[in-house]
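The data blocks that follow each hold one structure.
In the two complexes below, subunit A is the common chain; its partner is subunit B in one and subunit C in the other.
Let's turn to the complex of A and B:
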């Protein structure tokens, strides 16, 4: 592969950017009270879009994710790219100790494994049971009606006597020896995918980190291939939880762990069918784990399925693409893959000229009498 | 005030940044602020224990600002303070570090900081209440169809 250096086009490139800005603001030509999208409006009213970008950008910065969405006109791949570009300019100041997600302040918690779980199931804010019909009344929603909805909800919300944290469903299964035992901590530092390239085989910490910032659609597609038949993971969601994880760092003076903020995350733990093996160990269910920044349940479930599939592939050799770490991990990153696809738009004049020359030579050769 | 030092940052950051910076500047005007760790904005790396096999990995990064200070008052009293906050705002970290020093050592102005912590903690408590309400309002008790009366709706 070779590229060609070009020059010129500066004015056209600047004009192209201006044309995109024209389209972003063209609403103002017809509507004299048109207003730019406020960052707060994006944060609140397009929250799942923001969540997707913070997860794929790999940085929990909702405000800048909203800004990236605004400047990229809603293109999630571009927005994640912009967010990663921003992060690349920032120094790394600290790393948290390994945080325990059971401390999350939950807004949603469900299980498809058990009807009753310790602490109870709570649907939280979800469209899971809504009809997928257009709500035409939102086409012309008045500001007054819009503001009244949250206000009314707050007036009627129940005073809840609930604990701050809830036990995990997997812990109950583990106590019954139905899950694989937990290995003692090995003390190894987790793999940092922002600093080290993936050289296979990679540790599980690299797998989880790569999947956590993967492009949602890519992750879903490969997980779906496994669910549909190119694999054998038919999981049960032991627990899916959405909530705010307190982010803890040592206090600069006392050293005591201090809450510096919180991050909304989605976490999914799945249980898959046990496998008989030739060891004398007691058979147990297999498990899979997924988590990502923001509220993104499909991504967390897909990640959990792929975690389970990839562990099987790493142990026994892959029997389908979704069990192959190289195939999965090198193709799920949105910024990587969109960059490769987009680069085909760049000038390839020399390489294509070469292709044409070779084709013509081959055609001439084929026309020569034998 | 019964908010522990480890929870001061969470409580204080419930307030607008402009108010925090203005209050810190006002309190710092009567003492000497020596920066023992320069205010800096950057990133933190979030390490999480996976819930399935209890192995740690990096979920991603977050904006982080840090600062440490030593305050010296004209009457000779001194105090050390520091703060790390999940924000891309070095000035905010400096303000929080000043508050930390003043409140920890009960230096002049500590009542003002304590009031900010207390009212911020109340705001955080209300926020937690709204989240719990979402849980409580949507608590579900699914019944198997075979176990349920035909004409009984469940909650």
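Let's turn to the complex of A and C:
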């Protein structure tokens, strides 16, 4: 029979949790018809929040991401953290082969390198050219009007005859030998950052996996330092695509690759200027690659720039923080960095006592006559 | 690989929270850490449901080692009742049904601790797990992990010794207060976690196995039982623990139990007076009990 040691600290923690729960539900005091936030409403109406959390959480589980957002009151760091902690309890059961992103069911694809691209530019849902004016009419939106908008939109845009695949812009550049050919994989399985520790130097697959679930703001800040001048990638977005990628797994009986579902992802390929010290016969452009779960364009672009910057750093030695694999990869994880920042709130009585002992001893010495 | 054996229905949590593969990996890292005393074994630290820095490394060790008949003690700053200790203990109770928890150092088989080693000497039947924020003592002189790895391999600790020497030149004192670099078994120097210098001698020739886990930095290392642990010092400048003497040179006593040989917490009252109390709350209770027993005997 087990027994349990409980004292005052436990009551304090329970009371703190109750106070937080009060804040989550306090709307009910003001509004007699207040409703709890529905998971579906978060999934659909706060979709970029969900996208961010599934990417940073590293789990494609939009429902649980929405739940995590709900219980953490919309704090993205906390929500991604909840999802990650849940992931720790799940074994890895299977791995997909490399998936072909030309097979994505696209909702958006653009290239800033060419005016026309095979398959065409497709702006899709983007706020890029929206005027950032407050839409005051949404302050008190009528549910009926809200429900009618999507229905009307679909009626005005009958199902188009969209092709199943769109060619990749990079393939065209490769055919013209402006890019190096794809080097065949060395037979090694991709590095799984959830099952192996990063011991430097790390393979590119470890770099990409770490960037893919990095905290968006951290990734952007380091990539931005490179864009501004602490680095020189000078990228051109060859292609940015957002859509649903078919996920294939070997069939448990036949072993044949079978589609088990699809995942919304964002993929970005940037082309950067050629390097003087290229080891190949003739100079070519270089490529940076970014991809992550969900619709997160700024993250995918930042990742592509950092991929390019880090490969330069690994080849020639880093000349900027954004080119240093240790600096970038060990500082972009949101769960790690937010946890450590938060831990400073915990008691440090013992270490501080020890600090005071040293300072007092040093002060005494400095007061002693020489 | 028997997949179904490790998959629970729905989203329920398994005994010990972590999936079995994760526990196995941690145990392997522990074996390696014991085999190479003081060497920081990298492992794929999992995310835990509490913040990085709150003891996720220690917790992964605890959850991987825990058995259903374990008696666990969790302390933070020497106290079982510190909020973080309570939180971790509650989590362990929730995830490991059947396990007992205690506040008594003498009764436990496994201790998870942040910043302290109990005053009562541990026994060969006990394991202590220390939570580690910075696993590498060289981080104060070298930020790159890659370079530090080489320095450790070559036992190149010259820059650390230079740092101590520069302290003496500038301040006439070694300013390292806690996390005092300590050489294990004559080779690797470890960061013994933010224990005060007071606790460093307890690492040497310890009867209990000492495991150190850094969750965020993804490292596990160990001081195996009866292993030499030597704090870094110079021949003419010996290592010294915290000084608890008053201005007149008398050793301060705990205001609660009167103990004169424990690490003390300093309290400042509203009026500005200072009082001192044992940091190790179980030790303090033990001393009080002993006084009570003696009083009853003499009565």
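Note that the second predicted complex is superposed on the first by the 357 of 370 C-alpha atoms of A that agree within 3 Å, B and C clash if a C-alpha of one lies under 4 Å from a C-alpha of the other, contacts with A are read in each partner's own complex, and residues count from 1 in each chain.
Rule of thumb we're sticking to: a residue touches a chain if its C-beta (ideal position, glycine included) is under 8 Å from a C-beta of that chain, and two chains touch if they have at least 3 such contacts.
Note that this is a predicted model, so its numbers are computed, not measured.
Q: Who does A:13 touch here: subunit B (first), subunit C (second), both, or neither?
A: A:13 sits against subunit C, while subunit B stays out of touch.
Q: Does subunit B (first) or subunit C (second) touch A:31, or do both, or does neither?
A: neither
Q: For A:244, using the defined touch cut-off, is the partner it touches subunit B, subunit C, both, or neither? Pick first, second, both or neither.
A: The answer is first: A:244 touches subunit B but not subunit C.
Q: Looking at A:90, would you say it contacts subunit B, subunit C, both, or neither? Reply first, second, both or neither.
A: Both: A:90 reaches subunit B and subunit C.
Q: Where does A:349 make contact in the superposed view: on subunit B (first), on subunit C (second), on both, or on neither?
A: In the superposed model, A:349 contacts subunit C only, not subunit B.
Q: Using the touch criterion from the header, give the chain among subunit B and subunit C with more contacted residues in subunit A.
A: Looking at subunit A, the partner in contact with more of its residues is B.
Q: After the superposition on A, what does A:155 contact: first (subunit B), second (subunit C), both or neither?
A: neither
Q: Have a look at where A:99 lands relative to subunit B and subunit C in the superposition and call it first, second, both or neither.
A: first
Q: If we overlay the two complexes on their shared chain A, which of subunit B and subunit C does A:194 touch? Say first, second, both or neither.
A: It touches subunit B and subunit C both.
Q: On subunit A, which stretch or stretches are contacted by subunit B in one complex as well as by subunit C in the other?
A: 87, 90-93, 193-194
Q: Can you check the complex and tell me which residues of subunit A touch subunit C?
A: The touching residues are 2-10, 12-13, 81-82, 84-93, 193-201, 326, 330, 335-344, 346-351, 353-358, 361-362, 365-366.
Q: Could you list, by residue number, the parts of subunit B that touch subunit A in their complex?
A: 5-10, 13, 37, 40-64, 66, 68, 80-88, 97, 100, 104, 128-144
Q: Subunit A touches which residues of subunit C in the complex?
A: Contacts found on subunit C: 3, 6-7, 11, 13-14, 17-22, 25, 42-49, 51-54, 56, 76-78, 80-87, 89-90, 93, 97-103, 114-116, 133, 144-146, 149, 171-179, 194-198, 216, 218-219, 242-243, 263-266, 279.
Q: Which of the residues in subunit A come into contact with subunit B in the complex?
A: Answer in residue numbers: 54-55, 58-61, 64, 87, 90-102, 105-109, 115-116, 120-125, 154, 157-160, 162, 164, 168, 170, 180, 182-183, 185, 190-194, 204-206, 208-209, 212-213, 239, 243-247, 249, 251-254, 256-263, 265, 267, 269, 287-289, 291-293, 304, 307.
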